[in-house]
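Presented sequentially are two complexes of subunit A, the first with subunit B as partner and the second with subunit C.
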Partner chain A sequence: MLSAALPTAAAFTREHLRAPLTLVLLIWIPVFFVLIFATVLGDFATALGGTLASQSATAISAGWAAAFLSGTLAFFQVSSSRGADRRLSVAGLGPWRVATARIAAACAIGIAVSAFAFVTLWLRSGIGHPLHAAVAILSFAVIYIGLGALIGAFVKGALEGSLLIILLFSLDAFSSPEMTSSGALAWTPTRDAANLLIAAGGGQGSPSADWLGMAAVALGALAVALAAFWRAARTRAE
Partner chain B sequence: MSGGEGIAGGEGIAAGSLAERELARQPARPPVLRVDGLEKSFHRGIWPVRRATAVLKGASLEVRAGELIGLVGENGSGKSTLMQIVVGLLKRDGGEVERPARLGYCPQVPMLWDKLTADEHFELFARAYGLDEKARERAVAGLLAELQFAKYRGYRVEELSGGTRQKLNLALSLMHEPRLLLLDEPYAGFDWETYLRFWEMSERRRDSGMGILIVSHLLAERERLDRMYELCEGRICAC
Partner chain C sequence: MMLARARTATVMAFRDQRRRPLVLILLVLLPAYVITKSVAETLGTPRRIGLPDGVWVTTTMKDLHGAGMGGVVVAFAAALLGVFVMQSALQGDRRLVVAGFRPGETVLARLLVLVAATALVVAVSAVVTAFNFTPASWPPLLAALVLLGLIYAALGSLAGALLDKLAATYLMLFLVMTDLGVVQSPMFRESPGSGAALLPGYGPSRVMYDGAFAQSFHGIGELLLSIGWLAALGIAVYVVLRRAIGQTAIA
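What follows is the complex of A and B.
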């Protein structure tokens, strides 16, 4: 299965990296989020009665950069290639191999985005626990790959899908730890990853519950992404 | 949907029209596609205003090895839906489809990746068809020569003209020399020379034993076809 899926994944990754806008966003989004969005996030937290410190806001913004770009690109992986992927599937590759190739491509792009976000954060403020921060940023990316692919499997329109991702992202970002005095949402997909990233940015360790929670959500997101990519590549009823 | 490399020998078609009597006189060739009583409805809207539109209401047809068959019908008569069900892109509501596992499909709208080159498309589809590198290169070289677009093999799809995209679309369906070839409006965007070359290619493959079904809303080259089905109101109304 992998012998067919891996070269296909390489082709799918090339396909996305050949879009000039993707390359620009790959660099610009982490810079924008870590340098500008972090300040806005801090100001919002103050206005909402939260306690998000400037250093924490900077750290968590690197995670949001990886999440936003990975989720958006995963959505477009599903929505823009649906017909061609399905044709390749019925030609003999099968929906599982196509889905595996797509998820591998999405993860490759997610790793690249996370690496840019990590380096930007490092250069901006330094990182107390680099390894913890790298894993947390990558988890942000993986969680949003799941959400982006899920939206792509059900929403065909580029505008509607992009708006849904922005809505989810906004709900998630403004309900993150220390953002409000009351805690707007009891649970969000990136809650544990955000806790870990804030702690890692300040050089602190994290409780094992955060690690386990983050791992469970990231693995769940990968399973959701695989199912969404499979759904997009299979025989449809309508 | 039945798979397998061959499908069971079909019953003779009842002699009616001139074409059917002509077919009955020919030595029996194995069917490569048999569609029987195909039904398909599309559902639109949400409850309580959800409505169903029946597109196929029991369509039946057969294609034998070495036959070049046309399928015509008005816009919205269900031609492309029938083809997508045969290929496996759409599920059917009822009826039976028997076809070989190895088939070629050229969709009406090229289903390609804009940012990948023609060569990268050939690589991806060769892997899906199970062709090794040698077989792929042999097939691709032949098709590029036949369709005369070798100089574009390194170009991305987004850089190709509509006609060259269509050539790639067609070439991808042919590179594994399938036993059954399904072509949905395959010559849209072709210039006259390419259009004529397309028919010559189709006839050569028909003569070598390939079963070919061509879908079009307008088939001007009826004399090149062995038979022609017409789809009206979701059923075959003329053969």
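What follows is the complex of A and C.
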């Protein structure tokens, strides 16, 4: 299964990177998020009644950059590739292999985006717990791959899907831990990843509950993404 | 004959949008949620800001969100509307051109759809803003929302016509966040820095905050700058799309 899915995954990745501006933005947006937004996110959190310190704000900006880019990408992967994926599936690859290749391509780009954000974060302000921060940033990307793919599975229109992703992103940003005075009452999919990232940015460890919560949500997101890609690739008869 | 064709293209373009009720729902839901939530969550911390013409006022962070968040949401939604309405135009309208329509007629129809959808977002944002914030003067604030919507709809249209949809989406979201979310926002600087005037959101956002917090209007220069941006972008959109649809049809 892997021997057939891997070359397809590489082709899917190349497909997204064909446009030079997309490639530039995939590098520049995470770097920009961390460098510029980090300086204002602390003020933003204070205005909202949160307690996010400057260094933690820098850290969480890296997570949001990875989330925003990966979610949008996953949405477009599902919504705009249905026809091609079904043809590939019918031609002998089968829906599971197509879905595996799609998710591998999304994760490869998600890992690259997370790496740009992580390196920028490390160079700009240093990270107390680099491994924790790297895992948390990657989790943001994986969770949003799941959310973007889920939206793509049910929403065909690019405009509707993009607006939904912005709505979801706004909901996440306003409910993020330490960002709001009522944050303790809100739950969002990235909550545990944000807790972990904020702690890592501030040089602190995290309780195992945050790790378990983050792992559960990230694995759930991967399963959702796989199901969404499979649903998009299967033919009606299957 | 020409008028009849333009009317047909316009009716078809609106019908195309009517088939997608989720777009309309989201164009209402997005401003309603973001404006209400941002104002509700923000504390009333005092903040001194600079308005056009060297006027200074002291307000609160909560009121700054009430005054400015409508503009940010309008720009986000209008930019995406621009990208995807024009991508639809590039896909579908070449058939109309092959069937005998002039490229200008189909572009005009799409522009009318774009203006109508932008007007909807502006109206919803203004109503939601009114529930959460009372500006010193409504006319400049409303004018600024309209200008922001149309300027970003035009920028989105250009991005949609020239780039693939993923790149266009990334670019527009990135531009709105940078321009209106950070560079022009008085939440982070008392008044915009010197480079801020180069960005398209400078004029409308200065007019917006002036209307929100000043009893008399001081933003004539910024208003004219905004109208200049809109005129230049409007011409660019018309020319680029007319050429793109015409060329695609010939190809």
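Just so it is clear, the second predicted complex is superposed on the first by the 231 of 238 C-alpha atoms of A that agree within 3 Å, B and C clash if a C-alpha of one lies under 4 Å from a C-alpha of the other, contacts with A are read in each partner's own complex, and residues count from 1 in each chain.
As a working rule, a contact is a pair of C-beta atoms (placed from the backbone, for glycine too) under 8 Å apart; a residue touches a chain by one contact, two chains touch by 3 or more.
Just so we're clear, the structure is a prediction, and the values are computed from it rather than from any experiment.
Once both complexes are superposed on subunit A, the partners subunit B and subunit C fit side by side without clashing. Of the two partners subunit B and subunit C, more residues of subunit A are touched by C.
Within the superposed three-chain model, A:16 lies in touch with subunit B and with subunit C [touch as defined at top]. In the superposition on chain A, A:109 contacts neither subunit B nor subunit C. Look at A:86: by the touch rule set out above, it reaches subunit B but stays clear of subunit C.
By the touch criterion defined above, A:29 reaches subunit C but does not reach subunit B. In the superposed model, A:200 lies in contact with neither subunit B nor subunit C. Of the two partner chains placed around the shared chain by superposition, subunit C is the only one that A:158 touches, whereas subunit B remains out of contact.
In the superposition on chain A, contact is made by A:68 with subunit C only, not with subunit B.
Of all Cα pairs linking subunit B with subunit C in the superposition, the shortest spans 8 Å. The residues of subunit A shared by its contacts with subunit B and with subunit C are 16, 19. Put simply, subunit A touches subunit C in their complex at residues 16, 19, 21-22, 25-26, 29, 32, 36-37, 40, 43-44, 46-49, 68-69, 72-73, 76, 80, 155, 157-160, 162-164, 166-167, 170-171, 174, 180-182.
Only residues 4, 7-8, 11, 14-16, 18-19, 81, 83-84, 86-88, 90-93, 235-238 of subunit A touch subunit B when the two sit together in their complex.
Every residue of subunit C that touches subunit A in the complex is listed here, in rising order: 20, 22-23, 26-27, 29-30, 33-34, 37-38, 41-43, 45, 61, 64-65, 76-77, 80-81, 83-85, 87, 163-167, 169-171, 173-174, 177-178, 182, 185, 187-188. Those residues of subunit B that touch subunit A in the shared complex are 42-43, 87-91, 105, 107, 109, 111-116, 120, 123-125, 127-130, 156, 172.
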